[in-house]
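Chain nomenclature is as follows: A, B, C, D and E, assigned in order of appearance, with residue numbering initiated at 1 for each chain independently.
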C-alpha cells in the first residue's frame, strides 16, 4: 500500500500545482487581467458589485500571497466563484451537469479504446505480420494522425449529415423529455444513440496509440524467458498469451494510459464541441470565448481533478495486476 | 502422423546403453539483416540415461542455441535447417505443435539461465508449478497445489512459500523454484542453460549439490550448459567442447581436463586458474572468436591455432573422429598424434 | 616474498576506515544501505592487491570511492600519505586522476559507443597535457596501442568500440588508463565479462605493467582463483566488511575466516576434484539495509558464537603478513 | 397636452377595435415552439431579469415592462403593463397609468406598489440599473394604486423609451422581491411574474423549457388568454453548426441564428416552410479612425478612405450579403424617416461612401499624400511614411473578413497597412483609451438619430479617466455637436428635433468622424411547419429577431399553431 | 504425415539476435540509417514532399493566399483545384502557403520544446539529488495535467494570437513528456561506465554532458523531437480551430477554422476542410512513420522478421 499512499500524495501535489497554476497564470500575463476580466461588465455593474466580484476571484488589493490565501480559502469552501458570462450563477452549478456528461462519454470512450487497443495489440504481437499487425495497425496510425476535431467533423458530415444515421448534437433527444430521466428506457436509448458517434470518434482516434504500445510491449515480453518457458511447459496458447505475456505487457501500457489520459481528455473535449455534446469541452471553449475566467479556471480544475482520480484508479488497477507494487 | 510419445510406466527401465537423446547433424541458422549466421553447424552428440552431459564454449559458440533447439523453443530469426534430434527413437523436430506440447516438460524440461527472467513476476511460484502440472495431467487444483508444495520442499524451499511471488524470494530460492518447475513432471531429461550464472559461488555450490542429489534420486539426465569450465568439469560426466558453432571435442570430463585432444580444448583448459595445484603461468588463447557471418574456411579455429597445418587446416574442415574410449575430437592433428607429445 | 601488510615501503594509496552508506528510496526515505563499513586497503607500487567478494559485498563501492567517483560517508583516502578527500577542487581532482586510474568491469559499457578509439585515448592525453600537438598526440596513441598489443595501431585507432571484440575493448580501456601515466590502477573485475580464452591475455598484460612500470594495482574480483593467479595479496570482503587479508598464496592454502573457508570450499576446481570436505552452509548474504552491529556472517557461520551477533570483531593480526576479523582468532 | 397622449388614445382605440373584429374567430392553440438564438451557453437556473446576460429570455416574456416601442415603426408604442404615459408640461415628470386586472402568476394583484418598488430597487442597487435610467430620475411617486409618476431631475424627453425597454426595466413583484436580500445575485429559481411564460418545465445543460402563465392578462382574438402556444423550448447548441443543422432540418420554429449562405442551406432545405428576414435595423458598423493621429486628423484623408472601401464586397462577402452599404450620415434604415436629403446630397458631392479607388487616389494626391520615398507606398505630406493598423476582434469572423477586404482596398490605393487581430479585451481597451489607428466597431441605434450621434460624438462621454465611453472611438468632438445633442432631449417638439438631426447629419458628412460601413442585420428566421403568425417581409409588424426584447413578446402573442395542438 | 522441414515453435514470436548495444553511426550516416528502414523512408518521402511544397510555395501557387480571387464556395475546378473558400479565396493557394506556417510553427516550436526538454531532463538526470527530485515532481505533475485544457486556459489569458504565443504556450505546457524520457535516459547514461570513465579521465561536467551523454541520446532526442513536432502541429491546428489562433494568418488550422466558421459541413463545401485536414494528417503520419522507424532502428526487436 506504500505505493498507493505515495501516488495519492503525488496527486495531491499535482492538484495543488494545478490550483496554483490557475492562480498564477492570469497574474503572470502581460497587461491587467482584472481589467480585461471585467471589461465586459462595462457599465453594467456598479463599483460595489465589481469589488465583491473581484474579491470572489481573489483579485483583491494587497500582497500576492494574501490574494493567494483568499483564493485558496474560497476553494477550500468549495467556492469556485461566480460565472461572468452567466453572472451571478455560481460556476459550480454550470459545471456539474456538464461534468457528468463528460465523465460518462470520455470515461466510456477511453476505457473502450484502451481495452480494444490492448486486446488488438496482444493479437498483433502474437501473430506478427498477421492481419492486425500489417493491416489494422497502419490504418489506426493514419487515423491517429488526424486531429481529433477533424475526424469528428468528418464523421458528423458522413454519418450525421449525409447518411443521417445518428443525431449530430446533444446528449439526448430533448423532444423525448426535456429533463434527464434515467428511469425511462427510451431516454437511456436516446443517450446511447447520441453518445455513439462521439464515442466512436474518440475510440478510433486514440485506439492506434494503445494498439501500438501494447503490441510493442507484448513483443518485448514475448521474448522473455518466462513466456518461452510457459510455452515449453505445454500451457495452452490462451494461458501463455494472457496470464504470462499480456498480464506483464499491460503494466507499462497502464502507466502510459494514465500518463496520456490528460492528452486524450483534451482531444475528447474538442470532439464534444463538434458533436455539440453538453460536456466540459464545450463549456471550456464557451468560457474562453466569453472570457469567463472563473468558469475557465473551474473547468480546468475539475478536468484536472477528474484526470487525477482516473489516474489513481489506474494505479489501483496496477497494484491489483502487479504484486511487486503491493 | 506421430502420436504423443507414450510415457513409460517406469521411466528408468530404459537401457542405460541406449542414448536417451541423440542429436544428429544439427544445423541452426540465424537470419539477420547482415546475412545468414550458421550458429550450429552439423553438431552430433548423445546423452545417456542418468548422465550429465556438459556443453562448453565461449559466448556465441552456439551452446545455448543447441539447448533451445533441443527443446524446440528457438524463435525466429533462428531456424533449424537440418539434422535430427532423436529422443528415445522419436525425432523431436518432426513433432507438430500438439505433439510437442504433450511431449515437452513431460519428457524434457529446461532450466533457464536467469531465474529472475524465467519466472513470471505477476503470478505466484506455486501457480507456475501448478500450471505445468495441470497442463499435462488432469490433477485437481488441490492435488496440484499439494504437489507444488512437495516439489518446493524437494528443492529446499519452505512449502509455505507456495503463494509467494518471485520478487519475494531471494536469488537462490528463485533458481530453486525454477528447478522445481522443471522437475514437476519428472522428465527424463532436463536441460540446464547456465543455471547458476547469476548466483554467487556459495549458493551455486549448494544448488549444484542439490541438483546432483535430485538426479541421483530421480534418475534423469542433464544437458548442462555453462561457460564456467571449472564448474562444468566438476559437475559433468561427459563434456562437449564447442567452437564457433561446431563441436570440436567430446569426452568424459576427467579426460577432457587431463588429456584434451583438440588444440582449442587444450588451450581452454589452460586458460583458467585454479585454487589448488601449482601456481603456474597461463597464457589464454590469442585472438578472438570469429564472426560467424564470414567464418574462417576449413577448421574454424585455425586463425588462433599455433599448431595449424599450413594448407590443410585453412581448407579442409575436420570431422569429429574417435581418439580414444568415448573420446572424439575434430582436428587434423589428431590422426597424426603430434599434439602434446 | 615481501609482506604486503607490513611492508618496508610506504603504501602509495591507502584507504583508512572507509565507510559508505547510501540513502535509497527517495528524499523522504530513511533507508540506508551500508555498502562499506570501516574498510582499510593499502596499495603498494609494483604490487597487486586483490579484493575478493560476492556481488553486492561492497567491493565495487570501495574501488569507486578510491577512484573518487563516490564521496565516502566516512574515512580517509591517503595518496602518498596525503589525505586527498579534503581538496575537492578541479585542480586537485585532475592531479589525483593523473596518478590514479581505473578500469571497469564491462568493456561494452566503459567505452562510449559514439567515439572512436582515438578519441578515447586522445582525451586523457589532452586533459592532462601529455601531448602538446597533433604529432605528439599521434605518437602517444601509437605507443599506447602498442603497449596493449593492438596493432596495427592506425587501424585500431580509427575503429568504433562496436567494431572490437570484448578483449580488444578491455585493452583499449587499459590503454586509456595508461595514457596519463598513472601510479595506481584500480581494476574492477576487469576480466569477468570476457571469454575464458582471452582473460589470461588481459591479466598477463596487467601483470607486465605492474612489473615494468611499477604500477600499484587494486584487483577487484569475485573469482578467488584469479586473485590467486594475479594478485600478490588478497583481501576478502563480505557484506560490507573486509574480513580477512593475507598474501594470496597464504590465504588459499590456509584460510582463517570461516567465510574464506566457505568460499574456497565452494569454488569449483576440477584440479581438486570433488574430494574436498564440503562445508554445510545455509542462508544467503544478508540485506545491506538491515545489518546489525554484529558480524554479518553470523547467520550463516558454522562456528558462530553468541557474541558474533552482538559486535563485529576487530582486526586480529595473526602474523606480519595476515590478519582476520573473527573472534575465533582473538 | 402633448401629442403623446393623443397617440395613446388612438392606439387604444385601434387595439379595442382589433379585438372586437377578431373576437369571434377561433384560433388553433397549443404546441411547443422551439426557439434558438444560435450558439448558446447552457441555461443557468436563474430567472432574475436583472442578471446580466443569460436571463435575457425572462425579459418581456416572463417579466414585463410598462410600454414597448417597436423599432420597425420608429418607436411606435405598444402599451403593456401600462395603458398610457404622459409627460408634464414642464417635461419634468412622466406619469404612467397602469393596467388593471393584471395578476402575478401566483395570483396576487399587480399594482403601483410593484412599479415603485422596482424603480427604487434599481436606485438602491445601481448594478441592476443597466440602462442608467436613474441618471435622469429624481424620485418615483405612487399617485394611486394604478398611477405612478416619475419625477425627473433634468429634462430628458426620451426617458419613456429608456423605461420602456425590457432590457432596462421589467416590473418584479414587491411581495416576493422585497424579502430578497441581494437582488443582484438573486437567482430567482421559482419566478413569480406577470408575463405569458412563467412556468419552468426544464432548465438544464441542454434545454430551457417555459410554459404559459395560466393567469395571463392578455386575451387572444378568440377571447381566451394568450398566448396561443403552450410552451417555448430553447435547446442549447454549443456552436453555430449544430444550431444551423437543426434549423435546416426544420427542428426549429423561431430562430435568431446567423446562418451563412442561408438561401442554400436553410431556405433550400424546405422553401415552402423556411423563411428569413434580416431587417437591417441594427446599429451601423463603422470603421473608426483615430482623429487624434496623423494622417487621420486630416479630413481630406478620411474622405479618401471613405472612397476607397469596396462597400459592396464588405456587405456581400464579409456580411454574406445580409446587409447593404450604409450612407454617410451614419444613420441606418431604422431612422430612415429622419434622413436629411441635403446631407446625403453633400456626401454624394464629395463622393463619400461610394467605392471609387481612382477618386480616392486622386483625393490623396490632391491632399499631398504621395509616395515620397519611392517604396510604392504613399507618405504623409511632410514625407513621413504612412503605416497603420486596422484592428479587429478575434473570432468575430464577419468583421475579420470585412477588415481583410478593407485592408486590401487601402493597399490598392497605396496605403501601407496591416491587420491586427486582437482579443476582445485588448481590442476593447484599445478603443477606450484611444491606442489604435483604425478599427472596425459597432455604434448605437435608437428610435431617433439622437442615440447614434450621442454615442459617437458627445464629448462628455470621454470620462475624467480619459477613457472613451459610448462609441466615441475616433475622438472627433465639437462644442457645436454637444450643444445640439443636449437641446435634442430638452424638447418634445419633433420639428425641432428634426432640425437638430438635420444639422447633425450634415456635420457628420462634412467631417467624417468615422466611416459608416453597413447597418447591422437583425437575425431572424422562422419556419411554418407547425406555427404561423410570424412577422413576414410583407407584414413586418414588429422586428422579428428573437434577440429584440421589446419585440418578442409581441411576436409570441401573435403566433399560433397551424392546427390545434392542445392536449398534445 | 512426416514433415520434411523441421518446424520451429510459434514462429510469430520474435527472439532477438544477441546484438551488441545499438550501433550509433555519426551524422553523415544518420540519413542512411533512417532510410534503411522502410517505414522511415516512406515517412521521409512524404515529409520531403511537404517541405518542398513549403519552400516553393510562391512558385507552386503564386499570389496572396488571403486574396479574394473567386466567387464564394466554388467547387474544385481547373482554375481552383481545391475550390474556393466562402470568402472566395483559393483553397489550393491557402493550403500550399499554409504548409509554410504549419511546418515552421511545428518544427520551430517542436525544437523549442525539445530544447526545454533537454535542458530540464538532462539537468535533472545529471545533477540528481534534490534538484532531480523537484524537477521530476514537476515533470510528473505537468505530465498528468490535462494538456489541451491547460493550453486553452493559458492561451485564453495570453490574448495575443500568433506563432510566438503558440510557441511559448506549447513550450510551457508540453515539455514534461520529453523531459521525463530524456531524464531517465540521462540517469542511465550518467551511471554508465563510460561516463565514470570520462570522469576518471578528468573530463569536465559540461564536456561529459555534451560529448559523452548527449551523443548517445540522439535517437531518443530525435524521436522526442519528432513527437513534439507532431504534437505541436496537431495542437496548433486545434487551437486555431477553436478560435484561439490568428484568423488572419495562413495555416492549415486557420483554413479549417474558416471552413468550420462558414459551416462547410452544412453547405457541403467539403473541399474547404478535407485538403487541410489531409495535409495535417499526412505530415503527422509521415513523422509518426519516421518515429516508428527510429524506434525500430534502436529497438531491433520491433523489426519485422525479414
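Side notes on the structure shown:
We adopt the following convention: contacts are C-beta pairs under 8 Å (C-beta built on N, C-alpha and C of every residue); 3 or more make two chains touch, one makes a residue touch a chain.
Fair warning: this is a prediction, and the values are worked out from it, not measured in the lab.
Counting only chains that touch, the fewest steps needed to get from subunit A to subunit C is 2.
Minimum number of contact steps separating subunit A from subunit E: 1.
Per-pair counts of C-beta contacts peak for the chains A-E.
The most distant chain from subunit C, with centres taken as the mean of CA atoms, is D.
Subunit A and subunit D have Cα centroids lying 41 Å from one another.
Inter-chain centre distance (subunit D to subunit E, centres taken as mean C-alpha positions): 48 Å. Separating the CA-averaged centres of subunit B and subunit D is a span of 93 Å.
Within subunit B, contacts with two or more other chains are made by residues 73, 75. Residue numbers of subunit E whose C-beta contacts span two or more other chains: 9-10, 13-15, 159, 243, 260, 265-266, 305. Listed for subunit C are no residues, as none touches two or more other chains. Residue ranges on subunit C touching subunit B, taken from their complex, read 54-55, 165-168, 195-201, 204, 222, 224-226, 228-230, 249, 252, 262-274, 278, 281, 284-285.
Remark: subunit E residues 20-24, 26, 130, 133, 192-194, 196-204, 211-212, 215-216 touch subunit C in the complex. Note for the complex: subunit D touches subunit E at residues 240-241, 244-245, 248, 259-261, 264-265, 313, 317, 320, 392, 394-395, 397, 400-401, 404-405, 408, 419, 421-423, 425-426. Within the complex, the subunit A residues that touch subunit E are 10-11, 13-14, 17-18, 21-22, 25-26, 29, 31, 33, 36, 126-130, 141-142, 144-150, 153-154, 156-157, 161, 212, 216, 219-220, 222-223, 227, 231, 258-259, 261-263, 265-267, 269-270, 273, 284-285, 287-289, 291, 293, 296-297, 299-300, 303-304, 307-308, 311.
Partner subunit D is touched in their complex by these residues of subunit A: 31, 35-37, 39-46, 48-49, 82-83, 85-89, 93-94, 97-98, 101, 160-161, 168-172, 174, 178-180, 272-278, 282-283, 285-286, 289-291.
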